[in-house]
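Here the chain labels run A, B, C and D in written order, and each chain numbers its own residues starting at 1.
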């Protein structure tokens, strides 16, 4: 038997979904749909907050918000790269703790200058990141397991520096990164600016250099990346070291945002806040896809929610509920968009 | 062009057997310890107990590391093992399965249980059933999002962790519930003399018998002997293949999260009993309960990539951690002792993970 | 072992005494091979003979335990994939090694990006990729498409483009034709010939032995981890190669079957799935083997998936034993008596690190359990053991993880799963893809036997010789719909012509 | 080299001092408050002849604290003092300790429904709540609106002080309103950010109270960062050294606390009394520093005294 055949236009066979990308472009769009959604959501939130609490749009309100989100976004830049490679780093909170205590103690004991103190903090973070990186890249173990381990190990190290005490009387060296007058130039907080510079550099690195693209390749298929001649181990090592370095820098911001004393609880819970920012920003937790810009927006959204809940005078414990909801909504939006792209 | 032929040394094509020569006993033992997580854990556990007992006998400890102490510390084993099993189920279900929200479920369910049992005067059984059902409901929310909507588990449970934690605090204005019935529940967690055994036999926390053993047996039976267990492992190993095999992948994965939620509900009751109060931050204070539970699961040999994980591994890993921690408290006085516990946990985890890496290269995987 | 006593020039690549074991598995016992410059050197052998392992060693993806490698007469140590690439050894692996989220251009250049001042020179890369795409017969605009959006066959072609992007001196192709259509294979051969003419050495692995005679200069045969011999193609015939591979003699005559009369047990009436196929009409009687032959991308694969409940048809109807059904899931399809062997065994078939017995029983848990709850572990073991014997799976025992089996043996395990309960309707998608001749024979025999026992078999394949050989009736799928039907006597030329659209519908052979 | 100086001499059980062994389990280790208590207890034992043991969990977590208590029970100490994170959950453990022949007491935070034989109280909830309120209202000039940044949502003593503040503000200071209570956990940076948010949400706010030792400097820092020193006033429960800078620059008006070392000293002394079965008088002369310490028999509570108000004047007198 034979069926009556409907004529199909030529070219209908053997072609799957190719007309989606525009001509003349060899990279995915610089701004993903997720980022557009986030911008819209944040704008809407800011509008609502501005209407509800008149003080929201004053610099006294916006600047602390930008300062507060900076360390999370900064670590988020590193975490984004790590997650793009298909890894994860849950030890960043402990890295912040160790960097912060070492630096704060050195500030108290030796009265370091600002650049030296920053360098110290970044170096300490980098060393711990190197520990993670070596274990993960050369021990060939899942990142989540190793970093759960080093989360505890680093915390132990940090506690040794604290010596069952707090660091008191930290000088105002880091006021440059702080919330106060000394932390601003032309009204823009330094910590936010630095974070933006780092994020922009990371954006360029990830998008336009061979090394940056290799992170995506590794996250897409590590075996294939190795076969293609990508230095997979060295690349993943770099991702963790970068995260460590940025956590060290973030530790300076954290010291600056705290008081003149530093307690052992510093940094705890950072990892979840950072991961929340990264995933809200549209980075795929399974690797191979993600953007630094999204992470920065994710951190901004989370901080907006926390600030908003307090400023609206709602129970502060509710902010977590909203953060949870936003994670679901943001990831849901991303999912819907991906599906529609696939089926179109 | 020429024809080059390799003369076959035996004349016939060699038989395709594995392992041609018999390895020595020592290398077989090494292989066993490296490839069988259970064997490794037993070795470590024995090492810890022997070390501590020796230290104890030579008076290096501030108090005897005796059977009665070891048994008293078992009270911590109950929540640790149960939540470790909850993680085992979801991690085994694959696709990056993990549950960060178990601690928050414990908090929220504990409050619900506290209301029912402590305030509305429900019977213990009814309140227990409610707790398990409510925990399962929380798990079902995770399950729907992960299995049916397709959210990554890490993100889903991070979101619900935030949400449940927040609700647990708000639901009773951050007040714990500690009415008389709730306080009296401690008797179900306290250590008891076992029947038919001599006086000298150490007293064992009741929770071991009322909660731990039944749950362990049930989870073990379900995983190792039932078709649901088979489906779970199949889904965790390769969910696309499971789909083509006719397994309802979504329902299987969904049910893993529901089961994890139900177990967390059970832990909520255990925790309420142990603390003699329903506390809104029971499962999230400090580092929370989820991280230790995941740690235990991983240490117990559960592969984070899914499809691999055994109940015995989780139980042994939890026992190892509990007894190691208990020993450290006696060996190292002062703040240094509690700090050293962090080090020990981290070191054991990294060590086990590295060993996994070596094993993978040398023997092609751990079981 | 003998070699040319006075070689004018050293061979491009020579390996000797290579051995490699994975734990207890001796993947290669002893391998020798010499590949001359500008020659197409075929490497053949049964599944699990060690071909892929040998080329992985040559490409630096694995390291040999013993043995020596010479490149252009110089002893060389290929320690890493990067080292192999630096020598000019480019490889297209059996499984495509691509990054779904990256574009074709990026995939081609991953690991050797063209940069200018540290920044990737997108323009230069793109220009080069457009050239390569033209060479392998893909449209130029694919350069900017994410690889994840391409079909598997297209991805395979991208892999080839990728291998060609560097200036290869040795190009290794591991079963490149397995998932290509005949036209695509022709394009590939054109590329291979051109490269060989320009002095590139090609190592070519394939199970489609007939194609060796159009492309290969020399053939090395492997058996049980050893190279058995190397022969110029002129000294060989398909039959001879097969005999070398299996060490025995094969009977490949088609057995004439008489299909019993009866009402169709499976009928597809005007079946359609938006974007994939439309107006598909097929009817199969019990005991009948019907082939659906179509080029890759013709929609033929999706037809099988729809019958099996993986996709919901958007038009037409499916009738099982005369009753209209619409399976929504494989589970429902199975309850209707439909079984399916998926085409992509690694993704859709295998539970990698689980034992063989697990892999077989996974599809039959209700049968192999008491009350549908408790797994009957003894029966599970028995079923697994008998399947292993019946399909001659090469394995020490049923506890072996399937990931440790070679591709073809793993395929047999997946097939075994479909045969545990005799299905009323069996859909086989590419049943022998990547399977060696011996196993292919075996699988064909089993299919015929199933049909003899009353099962209706629908074979969805892009292997024309197989389609003709095994089917009682053969339907050609073109442009997403069933067109022409052939009886048992069809010739390859007729069918291919119909599939490519050369025969108009009126000329239906009986 | 690890651990605190405080724990070092606690190391050898049956150490130089001899006498009964008194163990103290704080809510958490590594904060100046409890380390100061430890120092006070240690000094007392050196003077009075007892062995002082001190071990605290790394985080303020009831379960981790229970492990340490259990290990002290196993060590068979003579007296056990606990500052429970969760009073309800500590009660059964104290029962177990008593069953093992250990004298038990609470200090800093009570477990009222337990078998503890004494509670060493730093100050009454009324005393603290009222002092905090008086200080903030005083700083604000007797009128205005203030908010509280608290720490753990479930910390019972903090919540009881907040309750007192609510009621006392409403009844005593009709011109003053307590607007909001937010919870920042033990995190100073979070406390600072939340205080900042409170300031922004309500520009008419002129007072902030930091309810615990991490929030007290946090609220002061927020005011300083916002450049509103002299317009917004803060008080809090801060340890002297952590507050010194803020008191000096005026971002904090006062810190309400008590002499924490004395609290530790009193705890050790009470432990000795318990182990000697000596009991307590209605008024006890403990040391030259601590005379006339009241004991309330009905609630079995030793009261250190009225809270101490730390200002620029006396902040230098303390070394923790």
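Just so it is clear, contacts are C-beta pairs under 8 Å (C-beta built on N, C-alpha and C of every residue); 3 or more make two chains touch, one makes a residue touch a chain.
Note that the structure is predicted; figures quoted are calculated from it, not measured.
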item	value
Smallest count of steps, each to a touching chain, taking subunit A to subunit B	1
Chain whose mean Cα position lies farthest from subunit D	C
Subunit C and subunit D, separation of their C-alpha mean positions in angstrom	73
Rounded Å distance, subunit B centre to subunit D centre (Cα mean)	36
CA centroid of subunit A to CA centroid of subunit C, Å	43
Subunit B and subunit C, separation of their C-alpha mean positions in angstrom	42
Per-residue multi-chain contacts in subunit C, two or more chains	none
Multi-chain contact residues (two or more partners), subunit B	169, 174, 287, 335, 339-340, 342
Contacts with 2+ other chains: residues of subunit D	2-4, 6-7, 29-30, 58-59, 153, 183
Chain pairs that touch, as defined at the top of this document	A-B, A-C, A-D, B-C, B-D
Residue numbers on subunit A that touch subunit C, as the complex places them	1-6, 8, 12-18, 20-21, 23, 25-28, 208-210, 213-214, 216-217, 219-221, 223-231, 288-289
Touch list for subunit D against partner subunit A, complex	1-7, 29-32, 35, 58-59, 153, 179-180, 182-189, 192-194, 196-203, 214, 217-218, 220-222, 224-227, 241-242, 244-246
Touching residues (chain side subunit D, partner subunit B) in the complex	2-4, 6-8, 10-11, 13, 29-30, 53-64, 66-68, 70-71, 73-76, 85-86, 88-89, 91-92, 96, 113, 152-154, 156, 159, 183
Contact footprint of subunit A on subunit B as seen in their complex	96, 98, 100, 145, 149-152, 154-156, 158-163, 165-167, 169-170, 174, 287, 291, 294-295, 298, 304-305, 335, 339-340, 342-343, 345-347, 349-350, 353-354, 356-357, 360-361
Complex contacts: residues of subunit C adjacent to subunit B	1-4, 22-26, 29-30, 32, 34, 217-218, 223-224, 226-232, 235, 247, 308, 310, 329-331, 333-334, 340, 342, 347-354, 358, 361-363, 365-366, 369, 372-375, 377, 394, 396, 401, 404, 417
